[in-house]
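Below you'll find the structures, each written out as structure tokens.
What follows is chain A paired twice: with chain B in the first complex and chain C in the second.
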Partner chain A sequence: MEAKLKQELIETFGERLTKAAKMYLDNCSRCGLCIEACHAYASSPETRYTAVGRAQNIRRLYEEYFKKGKIAKKLNEAVELDDHWMEKVYETAYTCTGCRRCMTYCPFGIDTGVIQGIAKMLLITADQEPKTLTMLADMSIAKAKTIEKTKENFAAAAKNLEAEVLQRWRSEGGEEVVPLDVQDANVLYVALAGKHSIIPAAAIMNAAKEKWSLSYFEAVNFGAFVGNPAKTKEIAGRIIEEAKRLNIKEVVICECGTAYRVMKHMSGEKPFKVITFAELIARYVEQGRIKLDKSKLPAKVTYHDPCQIARQGGIYEQPRYVLGQLTDNFVEMTPNRQANWCCGGGGGLVAMGEKDFRMKSAKVKADQVKATGAEVLCTACENCHTQLSDLNEHYGLGVKVEYLSDLTAKALVQD
Partner chain B sequence: MVNQIFYLITVPMVYVAVAWCIVGIVVKVARVAKAPAHPFTLKVFPDKDHPVPSPVWGALSMPTVRRHNPTFWVFLILFHLGIAVLILAHLDLLPWFNIYPEDSEHMIGNGAVGVVVTTAILYFLLRRFASPLREISVPADYLLLFLLFCTAMSGDIISWANSWSENGFVLTKQDFGAYLNGLFHFSWADPAEAIDGGHYVVLVVHVFLANLFLMVLPFSKIMHTFFAIPLNKLRRG
Partner chain C sequence: MSDYAADKVLDLKGLPCPMPVVKMSQEIGSVDVGQIIEVHTTDPGSLSDFPAWAETSGNEVLGSEQGEFIKIFIKRNN
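Right after this comes the complex of A and B.
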């Protein structure tokens, strides 16, 4: 490794040393409590798949470059940063999904996600991050620059969805079926680049007679997956600007956990509220604005808590409340809520492909789903949905993986 | 020569160790306090079944350990409570603290607390030799526990050794009290003059190891004493 690059990497590391990061790096007692917490270790018991093992890859660099004393360095197994060690850094960054389940085991609450963030930033600085993620992040940013030119195409595409939305819910006359650019709307709905994330949502919001507007931008934040704070901010910033321009009351993030966490918790103060689509559905049901027909879902249903809205966002009960209106045959996974196992697809792994690792590291998830005996596996996150579908196929679980929004839209009572 | 070394350990080195420890702690805490705040919340959300407890309770009672490794938790609690009692017991040696009566021969706990702490340390040490903990431990982890074990063990020997002689106690609460009181008032007196038990050398070893421990503390993971609560506060939000 060139001396200049090494210097840059050490500086990058130094810039990430917030109070929290320093405390996380200084105080791990290597008690090993977090070992059992990680789905990757539970599925494939290797030291490199433990939270503390991953953190040690970064902590040992910290000992070398940010601590003094020759003897202390030896005793703490400090290591030099070189090409070989960058492979370890990569392991820390991309065998961890950032699910933060380990944080609920650690007596100190050490957040492996923060340490993983340092690893991801080192990879970016060394130009060794997964290029797919950077490319996708750059595309999102580029879209903001050309938005005026592409608006027409987007409007035409939205128009094309109308027929399918109307199949789910007959909107009353004079209303836009998929409205765009609605000034002073109550809701700015931020979807993903796929009609499955727009059609059910549109039907539900139309059924609730909501004054809503579809965002021009997709919710997903590849900047966050690749661990680049500047890009993360820029990608979220497009939506924030749009919401400000339209004077929106509430930004509703579609079923995308990372997008929700970034918008709700990582983007500073905003002049609007941020909620998940699951919360919006729950509110509609509660206020009687939509009615659901239980006969549409005659199967045993279970629910997977997506880490980024549940453990990281506190959205535990709203999806369960909605499911309670959709079926009488609901069964919890064990463990669930804060203790739920991660699906194994977070942190960018789904977008990167990585199928072998994803399947190997999430066996415990597959077993957990199987043990419920459910026929329908519902979730509220695109990333989880993809991973769970892959697990379903790989482990022959024989379940149907469904979005909460889709199940809801299919059960709308047409009055 | 030996007497001089003993004197160096039991008097000047104690001052150096205590000063070193305090300065070290202040510097280490200040460095963290000066670092920028994390740009976003690191909270983990609670739910009805498992409320994430408040930072102080979470740090002191370690509910996550209790839930996921009850045996380890029992030893951790015994150890930490034991350390707290031992700190108090050492202060109680001073003549103006009198939790145990002034004329008592024993220190608080009659030596039992030390045994509990020693057992816990031994457990911490042994578990590190077993997989998977072995793979994640670094040499500093073993050495620190070994140092603590030797410190605690030498303490245990001092209290046990009091039963070695025919006529019972040789080193009593008052003897230690006189030594600590001298240190406290910077008398620079040689404790060997006041304390004449046959196992005086064990006391010197105990003091030496304790000095070492104090000097290592600011550079070790025992700094969690000061960071456990702020760390739990991050999780609590």
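Right after this comes the complex of A and C.
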């Protein structure tokens, strides 16, 4: 490794050494309580796939460059940064989904996500990050500029969805079925690119007689996946500006866990509230604004808590409340809620491909789903949905993987 | 009839996020510079995604058509 790059990397590391990061790097007692907590270790088990193992790759650099005392360094296994060690840094960053299950078992609350953030930033500085994630983040940033030229086509495509939305919920006429640019709307709904992320949500919001507007932008934030805070901010900023321009009361993020976490918890003060779509459905049911027909879902159903919405967002009960209105045949997977196993597809792994690793590292998830005996596996995150669908195929789980929004839209009762 | 004669057709209908753009970026190298890929998709968002991707990758969206599904015509420029 060239001396200049090495110096840059040490500086990058130093810039990421917040108070919290130092505390996490200083305080691990090697008690090992996090070891079994990681799905990748529990599925393999290989020590490099433990939270403490991954953190050590970064901690040992910290010992070398940011701690004093030769003996202490030796005792703490300080290492020099070189090309070989960058491979370890890559492992820390991209064999971890950022699910933070380990953190809930650690007596010091050590946040692997923060340590992973250092690893990702080192890779970006060395130009060794996964280029697919950077390409996707850059596309989202470019869209802030190209959107004016493409708005018309997007609006036409949204209009073309009308027939499919109306199949789920017949509107009374007069109102837009998939509205855009609605000034003073209660809800700015931020979807993903696919129509499956728009149609059920539109039917549900129309059924609830919501004053809503569809965002021109996609919810997902690849700046966060690649671990670049400046890009993360820029991507979220497009949606924040749109919401401000329309004087929106509430930004509702579609079924995308990372998008929700970034907008809700990583984007500072905003003049609107942020909720996830599962919360909005629960509100509509609770307020009697939509009614659901249980006969539409006769199968045995279980629910996968997406890490970014549940463990990191505290949204546990709202999806269960909705499912309680959709079926009398619901079964919990074990463990669930805060202790639920990650699907194994987070942190950018789905976008990067990585199918062998995703399947190998999520065997515990597959076993957990199988043990429920459920026929329908419901979730509320598109990334989880993709990974769970891959697991379903790979391990022959025989379930139907469904979105909460889609199950809800199919069960809407129209008087 | 389309306005553009495609050298390759890429069926990306119904794929989850972000696979249409990922697949496109992988496939662009499979045609020669100057050749055209015709993408078939069902994603409304792709009508904004592909032009933004073309902007960053130096390629060119020639146009699009909307019918039963969406067609986007992309020329490899580099």
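Everything that follows uses one rule, which is that the second predicted complex is superposed on the first by the 415 of 415 C-alpha atoms of A that agree within 3 Å, B and C clash if a C-alpha of one lies under 4 Å from a C-alpha of the other, contacts with A are read in each partner's own complex, and residues count from 1 in each chain.
In this section, contacts are C-beta pairs under 8 Å (C-beta built on N, C-alpha and C of every residue); 3 or more make two chains touch, one makes a residue touch a chain.
Just so it is clear, the structure is predicted and the values come from calculations on it, not from any experiment.
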item	value
Partner chain in contact with A:108 - chain B first, chain C second, else both or neither	first
Touched partner set for A:70, first chain B, second chain C, both or neither	neither
Touched partner set for A:337, first chain B, second chain C, both or neither	first
Which of chain B and chain C A:4 touches, first, second, both or neither	neither
Touch count on chain A, higher of chain B and chain C	B
For the chain A and chain B complex, residues of the former touching the latter	17-24, 26-33, 35-37, 45, 47, 50, 52-53, 56, 69, 72, 74-77, 100, 103-111, 114, 229, 265-266, 310-314, 316-317, 337-339
Chain A contact footprint on chain C (complex, rising order)	14-22, 25, 42-49, 51-53, 55-57, 64, 66, 70
Footprint of chain C on chain A - complex, ascending	132, 135-136, 138-140, 142-143, 145-147, 149-151, 153-154, 156-158, 160-161, 191-198, 216-218, 220, 222, 256, 350-351, 353, 382-383, 385-386
Of all residues in chain B, those that touch chain A in their complex	28, 31-33, 35-42, 44-47, 49-50, 52, 58-59, 62, 64-65, 68-69, 72, 76, 132-133, 135-141, 143, 219, 221, 223-224, 227-228, 230-232, 234-236
